[in-house]
Amino acid sequence: MGIKPVEQLSQVIVRFAGDSGDGMQLTGSQFTSEAALLGNDISTLPDFPAEIRAPAGSLPGVSGFQLHFADHDILTPGDAPNVLVAMNPAALKTNLADLPKGGTLIVDADAFTDRNLQKAGYAQSPLEDGSLDEYQLHPVPLTTLTVGALKDVEGVTPREAERSKNMFSLGLMSWLYGRSIDPTIAFLEEKFAAKRPEIYQANVKALQAGYAFGETTESFAVTYEVKPAKLTPGRYRNITGNQALSLGLVASSRLSGLPLFLGAYPITPASSILEELADYKEFGVRTFQAEDEIAAAGAAVGAAFGGALAITTSAGPGVVLKAETVGLAIMLELPLVICDIQRAGPSTGMPTKPEQGDLLMVLYGRNSESPVPVVAARSPSDCFDAAIEACRIALKYRTPVYLLSDAYLANGSEPWLLPELETLPDLTPTFATEPNAGDEFLPYLRDEQTLARPWAVPGTPGLEHRIGGLEKADRTGNISYDPDNHDLMTRLRAQKVAGIASDIPELEVDDPDGDAKVLVLGWGGTYGPVAAAARRVRERGKPVAHAHLRHLNPLPRNTGDVLRRYEKVLVPEMNLGQLLQLVRAQFLVDAAGYNQVRGVPLRAAELADAIEALVDSE
Amino acid sequence: MGIKPVEQLSQVIVRFAGDSGDGMQLTGSQFTSEAALLGNDISTLPDFPAEIRAPAGSLPGVSGFQLHFADHDILTPGDAPNVLVAMNPAALKTNLADLPKGGTLIVDADAFTDRNLQKAGYAQSPLEDGSLDEYQLHPVPLTTLTVGALKDVEGVTPREAERSKNMFSLGLMSWLYGRSIDPTIAFLEEKFAAKRPEIYQANVKALQAGYAFGETTESFAVTYEVKPAKLTPGRYRNITGNQALSLGLVASSRLSGLPLFLGAYPITPASSILEELADYKEFGVRTFQAEDEIAAAGAAVGAAFGGALAITTSAGPGVVLKAETVGLAIMLELPLVICDIQRAGPSTGMPTKPEQGDLLMVLYGRNSESPVPVVAARSPSDCFDAAIEACRIALKYRTPVYLLSDAYLANGSEPWLLPELETLPDLTPTFATEPNAGDEFLPYLRDEQTLARPWAVPGTPGLEHRIGGLEKADRTGNISYDPDNHDLMTRLRAQKVAGIASDIPELEVDDPDGDAKVLVLGWGGTYGPVAAAARRVRERGKPVAHAHLRHLNPLPRNTGDVLRRYEKVLVPEMNLGQLLQLVRAQFLVDAAGYNQVRGVPLRAAELADAIEALVDSE
Amino acid sequence: MSDDNGHTLTAKDFRTDQEVRWCPGCGDYAILAAMQSFMPELGIARENTVFVSGIGCAARFPYYMNTYGMHSIHGRAPAIATGLATTRPDLSVWVVTGDGDALSIGGNHLIHALRRNINFKILLFNNRIYGLTKGQYSPTSELGKVTKSTPMGSLDWPFNPISLAIGAEATFVGRAIDTDKKGMTEVLRAAAEHRGSAFVEIFQNCPIFNDDAFEFVRDDKEGVNRIALHHGEPITWGADGEKALRQLPDGTIEVCAASEDGVLVHDSSHTEPSLAFALSRVTQGTHGGTPVGVFRNVERAVYDDLMAEQLRVAEKKRGKGDLAKLLHSGETWVVS
Amino acid sequence: MSDDNGHTLTAKDFRTDQEVRWCPGCGDYAILAAMQSFMPELGIARENTVFVSGIGCAARFPYYMNTYGMHSIHGRAPAIATGLATTRPDLSVWVVTGDGDALSIGGNHLIHALRRNINFKILLFNNRIYGLTKGQYSPTSELGKVTKSTPMGSLDWPFNPISLAIGAEATFVGRAIDTDKKGMTEVLRAAAEHRGSAFVEIFQNCPIFNDDAFEFVRDDKEGVNRIALHHGEPITWGADGEKALRQLPDGTIEVCAASEDGVLVHDSSHTEPSLAFALSRVTQGTHGGTPVGVFRNVERAVYDDLMAEQLRVAEKKRGKGDLAKLLHSGETWVVS
C-alpha cells in the first residue's frame, strides 16, 4: 500500500448517477469545485429526473451529474463519460448505455439487493452475470463502508449515516484523480457545522474514509492526474446559466441606474432565476411571484411604464402565455426583457430537458406584424453577457427583447472569468423631461438614429400622456385608423428592430486557415458541442469554418455575405430546423440542417462525423 | 318629366356613407339584395367605424357600405366608388378622397349645418365653396323630403321620421339604377309590420318617396341599367364570410355525424360566428361563451376528447391566447379547428380592419416543434368550403387545424351558389371501439397511411386510457423521457402534418395562354383583388400567371415546381411578407413581395400596375 | 357495488399499471387510496368516468385511476372539463387540481365553473405549496412564509378556498383531510350526489416542501381540532363534544360551550350562502378548530342541463335541423 | 384644493383634448364627470396620477383623464397596475375596468390583486353587458338574459361582484351609481383614503345594449330602493327611513321596520368579513332594496409596503448591494 503510480490524463469525464435522494447533484458540484480550484477547465451537465420525485430505486428516480475536466479549454460536458459512478441498479441501468466499453464503472455493491434489482428491471444482478465484463468494474460496498466509518459519530441516525455515502464516493473519486478534499470540507463546515454539527462530522468522516479507501484498497492500482488548464488569467468562479443570467440582470440594473423588477411564475427550468433574484433585495431588486405568466408579464409592463428595468422569465409553456402582453409592449414601445429558458416540448413536453424549439415562437408568436429583437446565450457563463445585451437593446430601443437560454445552460456550469466592472457597458437611459415639439410632448416622436420613442415616466410634470394597444398616429400617439398611418407605423416598428443590426457586432467566423469550404452556423446553447465538433474535424486535418449567432433578430449585417462565402452551410440545431428556415428565407442560401430533438445536448462526436462527411462529399 | 333615357353600364360601384346611426349597413345590404335578385354579380364591403359609437356627426362615427354590382363576374367590391352617397359632412370628408374626379356625389343637403360642418372639421360648406366642382354633385334635401313624405304617418316621432331618410336614399338609388324596391318592401314587412306597423309604413313611404323623387326631379337626367351577369346556373344567396363559415361548421357537423361544440369569447370581427351558431340549436350546436379565449379553447379540447366536432373562434389578440391549449391538442392529437378572423394589429391594433398578419403566428406561435395544418378562405362564400376542409383535416388526422379568414371576408358579401348536399364530402370519423394490439389498446398506435392515432372516446368499454401534455412513448402513449423516443415523436408529429400534402389538391395555376413569365402567388382573403389585378394586366395584353393557396401548411406538393416554372414570382400580401418568407425558405425561390398593411383590402388597380411593371421589367 | 353494466367493481379495478410517482409519505397516496375505494360505490362503469387534471403533483392523479383521463395544462382543467361535461352529460367527470393549479393560474376558470354550476366535481389538493416546481409558496401559503421564492417571507395574504368558492356562487363546497378516509368518503359521496359543480378542498400533506402544514387536523387523535359539519346537527366538537359554535349579531361566529344557548345547527342546504361563508372564516388560528365536511350544498339549475334543454326546445320549436333548408334560408335567387 | 406642487386644480385640469367617444346617454359620461370633479380634492399632482384600463367601453376612460394613463389589453389592467404600484409607491394608481374586463377574462388578476392588497383603486363600471363588442351577455348579466350570443337566454348564474371581492379577501369594497355624483364621490373619497386595494362597483347604464338595467336605483327619486350604507349608522332606508335590515340567526339578512329591535348598525371596519358578505346578498330582487356605499373597509398590510420594507431590511442587514462583491461571491479562484 505504498504510493500508487500516477498516470497523466489530459481530460476526464465523470458521471455520478444515483437515486434522487442520493445527493448526486451535491457530489457532482463539489467534485466540480475541487477541479475548478485545481485550475482545470470544467464543464458540467446535471441531469434531473422527471419533475416528480419518483419512488426510491426506480428508473424515473435516477438523478445524474456529469463533469468534464481537462488541462486545456473545453467546450462541452462531454458526450460520454469515462467513469460512471452508479449508486444503485436503476442508475446503472439508465446510464450504462452511455459508458463506452472499457470505461471505468464504480458501483455501490450494497445497493444491488433483490428489491432494487427488481425495481430497476434486472432479472439477475449485472454484477454477477458477466454482463459488465467489458468494463473496468469496481463494485465497492459503499454503504457498508460508510456506515462503518461513521459508527463513532454520535447523534446521527442510521439513515443519515447511510445517506453520507455520496461523500464517501466523492472522497474516493478525489483520491483517484488527485484532488484535495479541503474545499469540500470547508463547504461542509459552512453548510452544517453550526446547524447540525453531527451531520457535518458524518459527512467529513465519510469523505475522508472514501479518500483513505482509495489509498488502501487493491481495487485501484493507479491514480490519475489532470494538470491545470492554461486559461485566460484572472479570477474565476464556477457558475450555472441561471445564476449568470440573474447576475447579468442585477448588473444591468446597476449599469442602467434603474431598479430591477421581475415578474415571474415558477416553471422548470426557469424558476431558479426567480429564486436567485429574490435574494438580491439589497440591490433594490423587486421580485413578484405572480398568479400566472400573463400577470407576470403584465406587471413587468406596468413596471416598465413606471421607469423600472422590467424583466419576465419563464420556459416555453409559460412564454407562450405572455405573447399577448409582449404584443402590447411592442405597441407601447416600452423596454421589457422576456427570458425564455427553453425546454423540450411541445406542450408540457419534457420539463427538465433542453431544446431550441422556441426560436420561431419568439420571433413570430404574436398576432400581426410584431417585430422583436432576439438574443441567445451560448454557454452558462455567457448568460451574463447575453442578459446585459438584451437589457441594453431593450432600454436603448424601447422594445421588448427575448433572451433565449435553455435547460442545459440553465443548470450546466463552467468557470467564468469575472468581468471588470469598468468593461461593462453604460446602460443609462435618457428619460424625457420636457416637451419635445415646441411646448407639446409627442410620445411617438422618434429618435432619428434609433427610431426609439421618448420614455416619459409618470411623475414627470407636463408630460402626462396616454398610451395603449390601439394603432397610434405617428408622432402624437393618438388613436388612428388611418390606412396610410397604419402602414407607416407597421414599417417603422419593423425598421426600428431591423436597424439594430448597425448596433451589434458583425458575425465572426472561426476559419483558422481561411480555406474551409463548409461553414457550420450555430446559435444559442449548442455553441459548445458545435465548436467542439469543428475542432475535432480540424484535428482530423479537414478545414471547416464555424460561426455562432448571438443575435437572432436582427441577424448581424454581414450574415448573408458570410454564408455566401462558403460552398456548403450546415446549421446544427436542437429542433427541426428553425434558424435554418430563417437563413434560407433571408439569404436564399441552400443551407442544410443537422437536427436532433432528443432533449439532450448535441453530441460533438456525432456532429463531427456529420461535418466531416459534408466536407468530404464531392 | 316623361321617361328618362336609360344608359347601359357593365358595372357600378356605389358607396353609402353616413353616421353610425344613419342605417348605412341596412341601406347597403338592401341595395345588395335588390342587385342580387336582379341577377347581377355582386361584391360588398362594409366599413364599420372604430369600435365605439362615436358622437353623432363626428369623423370617427362614420359608417360605410360599398357595393359593386356588374353584368359579369366580379372579384372585389371595387377599389373606388363611382357613386358616393354621403349623409352628412363627416361622411363626405372621410370618403371623398376615394371618389375619382367626375364621380357621382349625392349628399343630404340638410345635414350640412354649421354644427355638423364644424364637427367634421369644415371651415365652410363644401357644397358652396366650389370644392366639389369636379364631381357630379347632387345636393338633395333628404331629411326635409323624408319628413315631408311622412307627415301623414301616425305614431312616428319626428326623430323616427328623420331616421327613415336612409330608405329615401335607397329609393332614389333604386330608381337611378332601375332596381325594383319590392324586395325591400317585403323585407321591411317581415321586420317591422307586426311589431311596429307605423315604422313599417314610414320606411315604405320614405322608400317610395325616394323612388318617386328620382322620377320627378330635374336633378337626374338619365337612369342606368346594369344587366344580369352570366353566372353559373343554380340557386344563389348573398352571404358574408362569417355566415358562410358558420354554415360550413354546421354542415361539417352533419357530414361527420358529430355534435358541434363551439367555445368562444366575443371579439371583433369574430363575434358574429358565435352569434350565428348560437342560433342553430336545433342542429344540436352547443355554443359556450367562455370567460376568456383560453377557456374557450380548453373547453373545445374537452369536447373533442368526448367525441364532438370541436371549434374555437377568435381574432388575433384572442387566438394568441389559445396557443398553449393548441400545443396541448397537438400533443393529445385530438381534432380541433381554431378559426382566426384576422384583423389589423399588433396588439389591439385596429379591431375592425382586415390584415393577413397572423400566418406566421398560427404556424409557429407555440413553444417547441408543434406543427399544425393551416387552411385559408379566399372569399366570403369560400369560407363555407374552407370550414369544411379544415374540419375534414382535423377529423381525419386528429390534429388542431387553423382556419384563417379576415375582417374583410367576415363582413363582406357575395353571391353564393348553393352547393348540392351530395357533393359535400363525408367526414364521418371512425372511433376506436376495441383493442388494437392483441387485447391491449395502444392510444398512440398510428394509422399507417395518415399517421393519425385512434380516437377512443370516454364511454367506450375496455379502452380506458390517459393522455396528457408530457411527451409520450410511441404507441403506448405512456409518459416517456427517452431521448430517441422524443426525437421520433417530434418527427412523427411533423410527418403527420407534412403528409397531408398527398391528400390535398395540387396548386392550380391560372395562366390562360401558358406564356407568362411572371407568377403572382396569393393566399387567403386577397384572392379577389389579386385575381382582378391579374385580369387587368391580361386585358392590357400582358401575360401573367396567377395561383392562389388554400392550404398554407402543408403547401400543395407541386408548389415548388410551379414556382420554379416562372422567371419571377410576386407574392402580394396584407402583411410585411409572411407567405413570402415561407416559399423563399422552402423553395429557395427569389420571390418578391407586394406588401400593404393599410387595414383595407388591396386595391386591384395599384396591384395591376405593380404586376405590369414586373412583367415589363428587363 | 356493480356498475351500470352489471360488473362488480372493487378498488383494484380503479388502479392502473403505472408506477405511482409521488414522494414517500405524500398525502396524495391516501387520497388516491380513498378515491379508489370510493369509486365502486358510485356504481358508474369505469369507461363512463373521466378524471381531468392540470399540472402539479396532484395533477398526476388521473394516471393512477383506471378510467378515462386527461393530464392537461396548468390551471385549465376546469375549462377542459366544462367542454367535456356539457357535451357528454352521460359521463361522471372529476377535476383534480392543486392549490397552485386551481387558485393561482387557474383561479378564473375555477370561479367561473362554480358560478355556472357545471356538472363536475373539483377536488383541490391543498398542500399550501407548489410541490412539482419544488417548493415556492402558493396562494394558500400563510403570509410571511419562507420558501425558495420568498427568502424573507411571502407578502401575499392567502386565499381561503372555501370563502372564495362561496363568494363565487358555488352550490357545493366541502372540505376533507387526506388521512381521514371516512370523512373524505362522506364528502365525496355528497359531492357525487350533487348535480352541478361540487368543490372539495382536501388538506394534503407535502412532507418534502411543506411538512405538517395541517398536522393540527391531520393527526387529531383526540378530536380536539376537527369541527365536523353535519347537516341538521348542532355544530359541536372537542374531546367530549364540549365546544360549539354560535353566531354573534355582527355576523361573525364565536366559540361557546355546547351547553350554551344559540348553538348553530348546521344547515348546508340554506339557499343564502351567508352562514356557510361565516363558517368558512372559522379557522384553527382564529377559533381553535377547523370545520370539515360539507359547508354548502344547494340545488341550482345546472349549466349543462340548461344547455341540453335549450337544444331540446329549439328542436321542438323549429324541428330537427335540416341542413339543406338551412343553406337555402334567407333570400335566394336562381340563375339559369 | 391645490396639489402637492401647490397648483390649484379644478375638474377642467383633468380633461384631455380627446373627443369623448361614448354613445349619447352612456353612463360613463357621468362617471367621468364625477371623477374629474373629485380628483382635485385629492390634492395629488396630475403627473403623479395614473389611470390603467383594459379593453371595453369603460376602458376608454384613461384617454379622457389628463394624467398619465394606459389603455392596455383585455382583463390585464390589475396585473399591469400591480407592477406599476409596487415599483412606484409615490403614484396614485387607478384601474378602470368593465364587468367583462374585470370579471370575465380578468377575473383572476382581480381576485389576486384584492387578496394581495396592492395599493391601487379599482373602479368596475358594471353595465351587465359587453358594450364594446356590441352586446353579448357578461358575467353579471342576469340568468336567462337574451343577448346576441344567447338568443334563447343565458345559462350562467351571474357573479355578485361584491360577494366575489369579499370572498377574495378584499380590504375595501364599495358600490356606487353612475348618476349619483354625491354618493359616488363619497365612496371614491373613502377608496382613495384607503391604503391598499379598494374595489368599487359602479352601476353604469348602457343605453344601447342594456338600457335601464339599474333603473331601480339610478332613478330612485323617492329613495325607496337605495340602501345607503354609512359606517356606524343603523342601516335604514325608504321614503321616510322606515325600513331597516336585521340579521337572522341563520346568518341571513331580513328587512324589518326601522323601529324594530336588532336593526343592524353598519360596521364597515369589522375585521371579519361575514357581515359585509351577508349585506352583499341583499339585492333588489330578494330584499326590495340595494345597498350602496362602503361595505367593507379594513386595514391590512399592503403588498407594496411589505415589499419596500423587505428591501429596506435587506439593505440594512447586508448593506447596499455591491455589484463587484456580488459577482465575486461564492468560491472563486485565480488563474495567472
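Should a chain be cited, it is by its letter among A, B, C and D, assigned in written order, with residues numbered from 1 in that chain.
To be clear about the criterion, a residue touches a chain if its C-beta (ideal position, glycine included) is under 8 Å from a C-beta of that chain, and two chains touch if they have at least 3 such contacts.
Everything numeric here is computed off the predicted structure, so don't read it as measured data.
Pairs A-D and B-D differ in how many C-beta pairs touch across them, and the larger number is found at A-D. Centroid distances built from C-alpha atoms place A farthest away from chain D. Computed centre separation for the pair chain A/chain B is 46 angstrom, with centres defined by C-alpha atoms. With centres defined as mean CA coordinates, chain C is found 39 Å away from chain A.
Shown for chain D are the residues in touch with two or more other chains, namely 55, 73, 104-105, 107-108, 112, 139, 152, 307, 310, 313-314. Shared interface positions of chain B, defined as residues touching 2 or more other chains, are 50, 60, 281, 291-292, 317, 324, 327-328, 347-348, 468-470, 479.
Note for the complex: chain C touches chain D at residues 104-108, 111-112, 115-117, 139, 143, 152-153, 155-160, 163-169, 247, 249-253, 262, 267, 270, 272-278, 281, 300-301, 303, 306-307, 310, 313-314.
Across the complex, chain C meets chain A through its residues 19-24, 55, 57, 60, 73-75, 104-105, 107, 130, 132-134, 136-137, 139, 148-152, 154, 208. For chain B in complex with chain D, the touching residues are 50-56, 58, 60, 265-268, 271, 274-275, 278-279, 281, 287, 289, 291-293, 317, 347-348.
Chain D contributes residues 5, 16, 18, 45-52, 55, 62-63, 65-73, 76, 79-88, 90-91, 108-109, 112, 307, 310-311, 313-315, 317-321, 323-324, 326-328, 330-336 to its touches with chain A in the complex. Per the touch definition, chain B reaches chain C in the complex via residues 33, 36-37, 39, 183, 228, 231-239, 247, 250-251, 254, 259, 261, 263, 280-286, 288, 290-292, 294-296, 298-308, 310, 324-325, 327-328, 332, 418-419, 421, 458-470, 478-479.
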